[in-house]
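The first chain written gets the first letter, and so on, giving A, B, C, D and E; residue counts start at 1 in each chain.
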Amino acid sequence: MSGESLLSVRGLVKDFRERGFGPGRTAVRAVDDVSFDVYPGETLGLVGESGSGKTTIGRLIVRLEEPTAGRIELRGQDLRGLSGRRSLEFRRDVQMIFQNTQNAFNPRRTVRSVLSDPYQIHRLASGAELEERIGGLLRRVGLTTPMLDRYPQQFSGGQRQRLGIARALAVQPALVVADEPVSGLDVSVQAQVLNLFAELRRELGLAMLFISHDLRAVYFLCERIAVLYLGRLVEIGPRRTLLEDPVHPYTRALIGSIPAFRPGGGFTRTVIKGEISDSEPVKAGCHFAPRCARWRELGQPARCREERPLLRPAAGGGLAACHFAESSPRPLDGVAELAGGIG
Amino acid sequence: MKTQVAVLVTEPRPAARRRVPLLTTVGASLGLLVLLTIVIGPWLIGQDPYAIDIGNRFAGPGGAHWLGTDELGRDVASRIAYGARATALIAVGAVAIATAIAIPLGVLTGFLGGWVDLVVTRVVDLFFAIPSLLVAIGVIGLFGASVTTTVLALGLSYWPFYTRLIRSAVVGLRSRPNVDAARVLGASRLRVIRTEILTGLVPLVLVQTTVLLGFAILDEAALGFLGLGVQPPQASWGSRLAESREFILVHPELALVAGVPIVLAVFAMNLLSDSLRDRLDAKRTG
Amino acid sequence: MLRYALGRVLLAVPLLFGLSVLSFVYVRLIPGDPVTAMLGVNSNPTVVAQLREQFGLDRPLPGQYGDWLAGVLRGDFGVSFRSQMPISTIIVDRIPATLQLAGAGLVVSLLIAIPAGVAAGMRPGSRLDSLITSATLFGLAVPAFFLGTLLMLLFALTLHLVPSQGYVPFADDPAQSLRLTLLPALTLGLAISPYLARLTRSAVVEVAQEPFVPFARAKGLAPRKISVGYVLRNALPSLVAALGLTVASLMAGSIVVEALFNWPGTGRLVTGAVTERDYAMVEALLLIYGGLFIVVNLVCELAQSLLDPRVRLT
Amino acid sequence: MNDVKTAETVLRVRDLAVEFSLRGSVARAVDGVGFEVRAGEIVGMVGESGSGKSVTMLALLGLVPRPGRVVAGSVRLRDIELGALSLRELARLRGRQMALIPSDAGAALNPVTRIGSQVGEGLAAHLPELPRAERPARILDILKRVGLPRPEQQVRRYPHELSGGMQQRVAVAMGVQLGPDLLIADEPTTALDVTIQAQILQLLLDVREQSGTSILFITHDMTTVAEICDRVLVMYAGQIVESGPVVDVCTAPAHPYTRALLDAIPPLGGDPPERLTTIPGAPPDPRAWPAGCRFAERCRLREQLGNPDKCTSLAPELASDGAGRRSRCHFTGSAAEAVVR
Amino acid sequence: GCGGSEPGAPSAAITEITEITMLEPEPSQGLDPNIAAADASRIPMAMMYETLTERDAGGELVGALAEKWESSPDNTIYTFTLKSGVGFSDGTPVTAADVKFSFERMKTGEVMKGLLSTLTSVEAVDEKTVRFTLSAPSWIFPETASRPGSAAILSKKAVEAKPDYFTQPTATSGPWQLTSYVPKGSAIFDVNPHYPTPPKISKIRYTFSEDPSGHAAAIESGSGDIANIGYTDAERLKSAGGSVQVLQSDALAPLFWGWDRTKAPFSDKKVRQAVAFAVDREGRQTACWSGTGGVTYGNILRPWDPNYTEISTYRTSGRADSISKAKALLDTAGWVEGAGGTRTAKGVAGVADGTPFKLSVPYESNWPAAGCHVQVLQQNLKDVGIQVTPEKYDPAAYWGDVAKGKFAMYHGGAGASGAADLYQNWFRTGGSLTELTTHLADESLDAKIDKALGAGSPADATAIFKELEQWQADELPMLVVGYQWPQVAASRRVTNFTAPLDDDSYSLVRASVG
């Protein structure tokens, strides 16, 4: 991507303290030194397994959480310590769409009341103008104005997600963070919502951070994809490069795990051993090493367990964080290990 | 094929529990009856609840005295109707006091969290540790028994429990994504509280109001029985029941006439709160 | 686990401390001079002097509190000015009676509430559930003393099965003691069983909704194994915690029931102390009732954590 | 893989119908479902949310929850007619001849019981003759077979101390330990991460490979079905609208709904399309199924055919093509195919 | 009768334990005869402390601890001889020294100091003989020495040995000794084997019960043997004729209203009279006592008193007549008809014009009939424009607050002794029940009472009492509104028991179980 970045994240760290009291509470590092940019009009996909820190990054960007360390800049302006007025202006620039459509709305407020919020908070419109703009907004996301007096729970999941999009778009933001906006929806509905996103992006020139664990959806929507593993960014690059020529062993495993949808082709997935939560927290070195097939192949080099791999440019225009990125054979004709069988 | 009771594996919750609507109807009509008693009962009966008619003690029902007369020849029906007013006043007052303390405090602690929450919650726990009847008795011990102190005593005995309830509800509401959504839109804390938290509390408060009204009616009666409630000759349901207990062996019907309104009113409140709870639950889950 | 338990216990300490401050402040809240308020104006000067001494009212508050707390920790709550006896003696004397009543009441209520709550909760929405639920709602509406009076009328005066009131220490005459406990315990038990039944029911309903219940059925386990080993077993932790809270109803209920059946327990001390303005006694009772509640709940919480492996980690 | 075409039939479902009586109305959630599962076969059941997959599964197990009732149909497991069994006999059969693998093992395991004794419950219930002392060995054995790492340690743990994948492995172990004829897996991987999903799917395949167990695999993910199933049943609005070998159904769907379902999957690889094909509207209300074809309202084919009346007036039958494929559409066949292309 | 055996050995062998349960209010004023004056304390005190003399069932004054007594002709020196073989419960004999100690102590106590104001010295002449010297003549001294529970003979040794002796008295002279006391619970009384006429009931479980409404039920169901009961319950039990005996004393006690005569409004005699007219006396006893008792219109003396002649100062031709008389009196007193029916002051000395005539009237909370009385009063006074608010009051603090003048008007009490006792105790400044009449403090009245008490014989005193009564009825109409029956229910197990007069224990001593 060229040009001035809209959002720039540098060295982002977020620690969570365990709930409870007294000393001895361990801190969980949910986001560990993550840096990336989002350019105007671009959609960046953020994928990773459960608990890898996707949501946390999203919440940090929309300032629902305060970072432990690192910088987040919007159009070159640091977001830390924004005061009241500036903070309100920021809210018009960056919006969020939530995963859980059930709870993302107050069940006791009508759609009209919910959608009036952005206009009232930012004093954008009132009275007849407000009505009109809400109506326009609803139509924009494919709903109709008679629905204004219904309650959120009277809508289907897909319709509610449209409402969530409408709410976020009301303030005409430059950047939208969408946290798993299509998971939990049926394929057909998911396709509708993904189409809507694609349309909006084209028409409004929206930049988007699209968080999902569904690589198919991410691939459809995002020009670039970033892969997270245990709070760290392991690879980032243009979608085709990432899919067809992944560099990081984890990215490969991830892609290999997705059903290829070749009916009759039989089950040909690449299965990696273990789970995130199985492994002991890694203090130094590479987080992925304990599950890493390449590491084992290479005879378990000590470097992987001692030195943290940094993001480095990789072939194909992306960045990857692996000490042995160069030694990667092409995937799919692969040596990736088949494991997890019986016995 | 034979079927068995189970709950769907994939469905997180079954459809709202079905309540025999009959009970809701019963609750609502009983509640209405109580309301009518309070509002037009005294006017309808048209008797002075304090007029002593010594010559006509323990008269059975009939004539001008629909429910007969008590140990001083006073009209039982009008004493119950006027007593309903005093009892309702006490119950409503007590609930109002408890609510007025619980909502701000519960919202404050639950929403802000942090050390405010820690400190206030400890204090609430402290008051919570003392049985509410004991708190009420303690307050009456300080200020003496009267309608006003009964209101105060009951109100003060309910707030800890109520505050806890509100607080935990607010903690639950606070972590819902709709609050995050409002914050992302730039809503101020006050606005979030107003649009997301308080609206979310409405069902809880509605249910608790009915529940506490029932409690208050019962506790007013208990205090009356212990001699710490409304003082004679002031009519209230509790004092009426306490008075009539004295003659229970001779005229058990008086105790029944005094006890039944209490039981029915509280039963009505319980039925209403239960069906309210069901209804609001069902609404929330869609 | 040990750390969890220790943490819980440590949490109870400031609570108990706060309770002691609260009880202490209570007497000092009395409008005007507490001693005058207690004794009335026409009071025996020796008693007045003794009370002033006991409360140490002419000294600065922290000093008063310190002395009082030191006394309390030694089990010395001062002297009841009505009976001129040490408050701790009076209270200790009555604890067996109260425990006997509360224990028997609890047993009665558990015997009613657990089966009813489980039966209703296992089939939410069924006819049996509606029946039990409305019965508990009705039960909740009956004032305990009214219920007790009716029971007394029926069992003592009409059927002549048991005496209407009285108390004999269990050690003196176990049979008679139990006979006398019957009516009060039944009253207390019936009065709190609706609460317990509702708690049980909702705990059971909650658990019965969990996916592991139908999964257990799909595994072909016997219904009995499912209702006991799965539903009741999983409801148990929250039930135990709820039971701790029921102690409050139990204590409040015993105040009324003791008054009704002339039962010489601590509950009657409460009403007596308030009407007689025996404030030192009220102070002690506040502390003891509150402390009991805190301790019982602490125990219940610990029991809960023992019963639920998931709690231990938090 | 053994030759499933000639294998004997393990499960035969006919005209199964389940109704939920709701306040004032009746929802027929499952309406005349019939299919067969042969020995060693993996049959996928796909469909949108609410199409009746789980209710069908519960009906097979005799576990339809309370307002619901099986109103018609027969279920035969080998030669046992399940409808004729008493509750007790049915319970004895569950877990032994027919086992369930739940969708979210984390929620389906008893949180207060250790893994070992939980796995042992099935043994105790179904193999009372097995000496108590032999149980631990059996438990360890089965846990090893499902690839649970360090089973000796895990048996003493509680479910919440296990990761999601390990929990699912335990659930599979409980399902297969008594060598059932049929495993019913209701979305066994939906709650898991992709890498773990792959592990569990592999595990199911291994199970089938080793013990020849038939699997009824319920999911809403067509791509997973394509990978591991032999045959597929497509559910829509309480009915099966299409069934047949996976390869055929996925490459040349006969029913417009199946086609739409396949088209809605975002492609992986190449340049993504401008927009995805979607199915307009929403499934009908189970309380009032439409008279004709239940998919008519949303059907592209019908639109392209000029909205023939037949679709909305006459309910299509599930017609067989004689080669193991069935489809519930008036216009199945080449004529329609031509229009669509 | 008097026992003949020596102290130290039980006078009668207690072969079998006969036990009863009594339900009584807790002695919340404690058990020190010098402090406790309320019935709740005097009943148990009478059971454990004996007096020199006592009244028997017929009302005759007889010896209790005293064998006999003599007085000097001018009634200033009394010599008492103690019965022999009489001992405290610890076995030590009751001696003249104990009597001397007890009376000297009494003279310093609140309860008896007024009655003993003329007592100048007590001498122990020998082991068994005590001489009392009075500063003024009094024929009533032996009666004073019979005051149950109050004129208690204590063991000098025991009281001096233990500073908190009265918390749980040991070594007592009465028929029973206190062996256990659980506050708010019960007390146990065991027989005192050294008492001259040992009671047949060897053990009394004295259960504290503040709620008399359960008493009838308790006796009926076998929870208790002896208890006071309410009027409606008594009626029912009598007509049921079943397992419970209802015992009523034929003595009647007058019931008073008290008021503060030193301050407005009751400083005005016309107001007092107006209230006396306004009280509906017939109605009241019907209401609160189920139609039992008698009615009086000014008498304090009881019909059986030798001095009794009926006074009917406040009797009228009917309720309407009473009300108009009362209203007229109030009008002239300056309490005129105001808004809302309540009278307001207009030119009343010491009262701001426009002040409404409002009273809060307290009553002892543990006396159910009292609540009834005050409610009737409220109703009656409303008819003449006086607004009364009944106020339930802590019984333990009640009389203290009455004496301190906290109330303008209050619910009084009833007593059951003779006229002399009445005047001496209730009307004379410093009398033991002067709480009722503290505000009198009328020297001429005191002088008159002293004169009556000092008269040569009871007969001489009667004329003076009659005079006093007449004057009182007209001048300070304490509202004497009726007679109240002491009413007791007893289980059939208890035989030979009669309803006790005053708070004495003699009827209990004679009762037996069988």
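The rule we apply is simple: a residue touches a chain if its C-beta (ideal position, glycine included) is under 8 Å from a C-beta of that chain, and two chains touch if they have at least 3 such contacts.
What you see is a predicted model, and the numbers here were worked out from it, not measured in a lab.
Touching chain B and chain D together: A, C.
Chains touching both chain A and chain C: B, D.
Averaging Cα atoms per chain gives one point for each, and the point farthest from that of chain A is the centre of E.
Compared with chain D, the chain whose C-alpha mean position is the greatest distance off is E.
Taking C-E and A-B together, the chain pair joined by more C-beta contacts is C-E.
As a whole-number value, the distance joining the C-alpha centres of chain A and chain E reads 90 Å. If you average the Cα atoms of chain A and of chain D, the two centres end up 31 Å apart. Separation between the centroids of chain B and chain C, computed from CA atoms only, is 21 Å. One finds 53 Å separating the Cα centroids of chain C and chain D.
Looking at chain A, one finds that none of its residues touch two or more other chains. Counting partner chains per residue, chain C has residues 123, 125-126, 153, 157, 211, 214-215, 217, 259-260, 275, 277 touching two or more of them.
Touching of two or more other chains is recorded for residues 58, 63, 65-67, 100, 102, 108 of chain D. If you check the complex, the residues on chain C that touch chain E are 39-44, 80, 82-85, 90, 93-94, 97, 152-153, 156-157, 160, 162-167, 180, 259-260, 262, 264, 268-269, 272, 275-277. Taken in their complex, chain D has these residues touching chain A: 48-49, 144-147, 149, 163-166, 193-199, 201-203, 205-207, 209-210, 220-224, 226-228, 246-247, 249-251, 260-261, 264-279, 282. By the touch rule above, chain A contacts chain D in their complex via residues 49-50, 156, 186-188, 190-192, 194-195, 198-199, 213, 215-217, 219-221, 239-240, 243-244, 253-254, 256-272, 275-278, 338-343.
Partner chain C is touched in their complex by these residues of chain D: 58, 61, 63, 65-67, 91-96, 99-100, 102, 104, 107-113, 121-122, 125-126, 158, 160-161, 174.
Only residues 176-178, 180-187, 191, 195-196, 199-200, 202-203, 283-286 of chain B touch chain A when the two sit together in their complex.
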